[in-house]
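These are the structures, in structure tokens.
Two complexes follow with subunit A in common, the first pairing it with subunit B and the second with subunit C.
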Partner chain A sequence: MEKGEERVNEEEATAATGEAEAEAEVNPWEVSGKIDYDKLIDKFGCQRLDQSLIDRVHRLTSRPPHVFLRRGVFFAHRDFNEILDAYERGDKFYLYTGRGPSSEALHLGHLIPFMFTKYLQDAFKVPLVIQLTDDEKYMWKNLSVEESQRLARENAKDIIACGFDITRTFIFSDFDYVGGAFYKNMVKVSKCVTYNKVVGIFGFTGEDHIGKVSFPPVQAVPSFPSSFPHLFDGKDHLRCLIPCAIDQDPYFRMTRDVAPRIGYHKPALIESSFFPALQGDTGKMSASDPNSAIYVTDSAKDIKDKINKYAFTGGQDTKEKQRLYGANLEVDIPVKYLSFFLEDDDELEHIKTEYGSGRMLTFDVKKRLVEILVEIVERHCRARAAVTDEMVDAFMAVRPLPSMFG
Partner chain B sequence: MEKGEERVNEEEATAATGEAEAEAEVNPWEVSGKIDYDKLIDKFGCQRLDQSLIDRVHRLTSRPPHVFLRRGVFFAHRDFNEILDAYERGDKFYLYTGRGPSSEALHLGHLIPFMFTKYLQDAFKVPLVIQLTDDEKYMWKNLSVEESQRLARENAKDIIACGFDITRTFIFSDFDYVGGAFYKNMVKVSKCVTYNKVVGIFGFTGEDHIGKVSFPPVQAVPSFPSSFPHLFDGKDHLRCLIPCAIDQDPYFRMTRDVAPRIGYHKPALIESSFFPALQGDTGKMSASDPNSAIYVTDSAKDIKDKINKYAFTGGQDTKEKQRLYGANLEVDIPVKYLSFFLEDDDELEHIKTEYGSGRMLTFDVKKRLVEILVEIVERHCRARAAVTDEMVDAFMAVRPLPSMFG
Partner chain C sequence: MGYTKDQLLARLQELQIEFSKYEHPVVLTVEAQEKYVGNVGASLSKNLFLKDKKQRFYIVSALADTKADLKVLSQRLGLGKGGLRMAPEEALGEILQVPLGCVTPFALVNESARHVSLLLDQGFKSQQRCLFHPLSNDISISLNTFSLDTFLKSIGRDPSYVDLEANPKVGKDQPPDLAALVPSDSIVLPELAEAALPSEHSNENHAAIDAKPKAVKAKAVKTPAAAEKVKDKSSTGLLPSVSFTDAGQFVEEILDRTSAILLSEIREDTLKQHGEHLGAVVSETIRKRLSSELKNLAIMFKNTAYTEGFHAGTRHQPKRP
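Showing the complex of A and B:
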């Protein structure tokens, strides 16, 4: 494919039949329902990230692939193979990811793309741009411009706490950075996309404000190196790889459609599934229900209480029944969380075998999960406490990056 | 009125009845047909600029009102009286006008708003911002970004040649200047306007690209002082007066609707009719027909030839019939052009009387018009030739203005 129009199964993408009503909803503003990720790959027209690609990453980076790759958290892609082809030939690329700063406290699900992006940055030794869409959140949420900008800086601290290399990382807020070459690219993209097309992709209506219609080009253009003249001047053919959750795919489907028409490579994507809510595996965690997620601001006691009280379990009601029947691992949230954060493959396999067969109890699995989450959250808190305002300024300064490649 | 929604006669504005098909078309992209300016005032919902306002300008500025005011070239307004009220109380304002740089050579019609704006700047001693919408012209015309930017600078030279005071004038191109506070205001405006609303005002369709939908806020926000922090920092309540041709009214109808919702005064407008084409009084001059207009690049011979060959005349076919019946001044282009550019009221009256009664011949009227136009065009050419690239840079530098008020 990859010549001309992006392949999207339009029929399925816009289907609103009786059956479709029961289907999961996945778009940049809503993720709900029980998601069938195989179906989503077909519907969006992206590709499954298979073992041969993971093996190739292992070989090219000379380090074990990240646990999120090994365990299928990042499970889909567009043209990731082309990024690896280019890399193998000695051509570098850059990474682009982002965040919509709609809330002060991040939960573990928010950290996943950043943890994975940090791994990619370290493994491939490439520059990274991180977009904070404070303009988007101002337009979609009931926030003032000032509050959106404050949240952007607060979120930047959490992002920096993930350990990004300041010599390779540029973080920017749209309200601060839009202008110049970036704005020119916004206008170029806007000229290539009809209103009907954005309605088809994003489902806007005539009663939506025009800020919504104007926004997709803002999220599109960091995919083009010329949007960052202080970083990539004269490198218009540099490729871009975007790690993100799969709900952001519509933006980049649009971007990939436009890219060759304005002289750029289509950005490649590597896309994750959603970190499940404590209550069960039916979508992303909800910012409106603090008990649906573990926040990076939760105390050890909060974490213990939430896991013990709210984590949906596939274990049996009583010790006796658990010994007899074992746990249903398919629906068990503690096991799912462990598969994201317990890096030791042998220990994870051991827990799954023992817990599934009934020799291990829910209580013990939850206890191990609490240990691991408390360690992650406490480590994050320590790192975040060390992030000063001066460091935020330094990451967000419009400047050349000293270590671009290698 | 002026509280809440702008008054627009929606029924007339959107009427597409049999009768309406024969009507003139006046919108930012098309001006055609025989325009009834009284009807246009009703349709757009603006106000007629009457003699009492002109007298007030005379009194407040202690100088004779500009010929374009005296002769009704600027004939409509919105809240110009409020600008004068504020001025009388000692509150200053700023001027905002602009140009879409779609062609290299300007014709006389293009100069009219700038000549009038220069008069306003001198008479009221106020600062002025001039927007060059190179982004708009890139999106609407088949131009590259670079060509749009080049035309913007070329047009800036013609604008500067009109004699603006560099200590009070900031000229900017959208591609250069959009960003920061200006972009924040664009986003604020976008959040206040639905897609249905812009369709109602501008008539976009679903097949139009989203750049068109995104553009109206770009033309709106120079109406708000905070878009120019280097000029008006802390002066958010400064009023804005926009001199423009009446085809730009839709942009500012939208702007005036939004202004109070985001904390600004509604901009006031003072609006001109169109300079007629040589072939007759049915709209603006056409850039696609070089013989429909006098260009500032035309030689004395070009001007003489164009006036003699193409200027539609209300005079009679033969000398004898002219002596007998006189000229129809209502349709006579030389007389209309003289009413724009012959400043001497007595001489103009004399010509109209003599020509209308048949004592003066078309040949002599055209001869006098050629003299006047050649003088204007030659004066403009000399002034433009003296505009250096350094002067363009100086007018377009983002800087405080040394003489803001008084």
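Showing the complex of A and C:
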């Protein structure tokens, strides 16, 4: 299953996920249409991440909440308040996130869950496991086993470049790690989920191969600490928090349903909205269209060109009209991107006010955005250049992490 | 006078040596060069100008990805451990007659470089084409090793390709395998005091900056901001990004960035605006702007140290019972 990366257009989810909406479709395989996040929260049955929770995070971590929390990028959750309750009592938790390594090219949308997870790791001082589902990509895409493993390692380098702490982070690929205690949990989960149920959640048909049908437990069991005996031996009641994009929710609903039946805590979730494609709501971010997203390998010139040429703006057609009517902030992509990446709240407010009223031009907004994106991409490139194969080996080694809660 | 790039290129054409030419803005590092010629189907090279304790000089020219350890090379050349250092900046101009960031095998065309030894990465042979600067940083040429060899032979050089990553044992019964590549003659440079030994392992293409400030007057006039930028653009270098393995470099990088902000924030207008509170204001600005950047640097430093320790640990021999 993809975790917040580009969608594969499989069959639509069946009625099990609720009535089909005419405007929008959101399930682990398809994200399309204009999305009403409030309706989605209702439909899925998760909770809104309100200001009181954000303030609580601020208090508990003694540092300003991450820009993604402040701007409502991560906006929904399940049981996040319980994680915070336990944390306040002195009971820590661990983080679990992952990536389906289907391509070498990572764009900014891919990095968002990792940037947020890094913040969580630093703020709460907790360990993290990162799953690379090379087996899933082998099964769903036209890749050889070797290629999917190679991509997993390459993606690991970009993930490491986000700044995870090697003394608190374990990265693993399914092809390497599945077995032992992890496999035992997979089988326990499998026994609790009927064929009908999994078809209902994921829309499998009689034509799908059995690899796909039996894959979901692989992605479920990292939520259980006993899957990692080298890390969490004797800590069966350690809670798990999963930062992910909201399209993964149906998937972890299955995991949460199974957990109590096999004696484990339900994993908690903290969920993000989708990172818009450059062309706006009508476009889909896709690895095959290099102009739909900003890639971490883009040069400063590429970024400038992409923003200037392809970013969908809400600005008016002419300077005069712009000064009169102002920009439509609802659909303007540069402002949306700034709300993700411009850390300074005051500056963002200022830009929104000036641009919305017409006193600022699209040109200026784009210029500021390009500055910020270039900084992010260059920093990433630099960090990535420092990641060696030995470092990847070390992150992926099955080893104890004695200071993981320190 | 040293050869100019045009003279060199004309010479290559005379010799009927096949090459492709790419013009671009001046680059001082492999990383910067990669932005312009990273996609032309040729492999980038990194070039180091080194010297040993007896004033003998070497050019080591390698693929950008090759990991060559100067300590190992030093032993293989029979110079002992730590016998190789980056050559000082003056040597670049005096001996190779090329500007900063422009070390290249082609510099050997100059008479002044006749005693400089050349070590070429064996890895070049497996590449279709490789990129070098033809005596100037605003131009790169790509050519295959056959063509490079033709040129070198034309100036009376025997091309020596070496496995730069190899680490053979050197000891009583195993003589240094590269000893033949040590130059027979040393080169004496005017006003090159022994005390002015450059710092180790700069990861840019040019020689390290001399410890003594007077060296800074040579070649490019470096303003603090420019110096900060040059150090900022670190290439992958010999070992993975040296400022993450070398504590001294790491600290220098932090201090460079801090200084840059300090210098840019203390101006006439800000002094007027804040007066005696300027210190507190600038301090706050530094924190705000540098905090997350420096934390990222620190985490990479930590991860690199851990990785090296882990690597060593997996190979360590347990104590004998």
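A few remarks follow.
Everything below uses one rule, namely that the second predicted complex is superposed on the first by the 382 of 406 C-alpha atoms of A that agree within 3 Å, B and C clash if a C-alpha of one lies under 4 Å from a C-alpha of the other, contacts with A are read in each partner's own complex, and residues count from 1 in each chain.
Definition applied: a residue touches a chain if its C-beta (ideal position, glycine included) is under 8 Å from a C-beta of that chain, and two chains touch if they have at least 3 such contacts.
On a predicted model such as this, the values are computed, not experimentally measured, just so you know.
By the touch criterion stated above, A:Ala86 is placed in contact with neither subunit B nor subunit C.
In the superposition on chain A, contact of A:Met396 is made with neither subunit B nor subunit C.
Of the two partner chains placed around the shared chain by superposition, subunit C is the only one that A:Ile166 touches, whereas subunit B remains out of contact.
Measured by the number of subunit A residues touched, the leading partner among subunit B and subunit C is B.
By the touch criterion defined above, A:Ser299 lies against subunit C but remains apart from subunit B after alignment on the C-alpha atoms of chain A. Using the contact criterion defined above for the overlaid structures, shared-chain residue A:Leu106 touches neither subunit B nor subunit C, since it reaches no partner.
Of the two partner chains placed by the overlay, only subunit C lies in contact with A:Arg382; subunit B stays clear of it. In the superposition on chain A, A:Val193 contacts subunit B only, with no contact to subunit C. When the two complexes are overlaid on their common chain A, residue A:Cys46 makes contact with neither subunit B nor subunit C.
Taken together, the two complexes place no residue of subunit A in contact with both subunit B and subunit C. Considering their complex, residues 135, 138-139, 145, 175-180, 183-184, 187-188, 190-196, 198-199, 204-211, 213-214, 216-217 of subunit B touch subunit A. Subunit C contributes residues 31, 35, 234-236, 240-241, 244, 293, 295-296, 299-300, 302-304, 306-308, 310-311 to its touches with subunit A in the complex.
Every residue of subunit A that touches subunit C in the complex is listed here, in rising order: 122, 160, 163-167, 299, 379, 382-383, 385-388, 390-391, 393-394, 397, 399.
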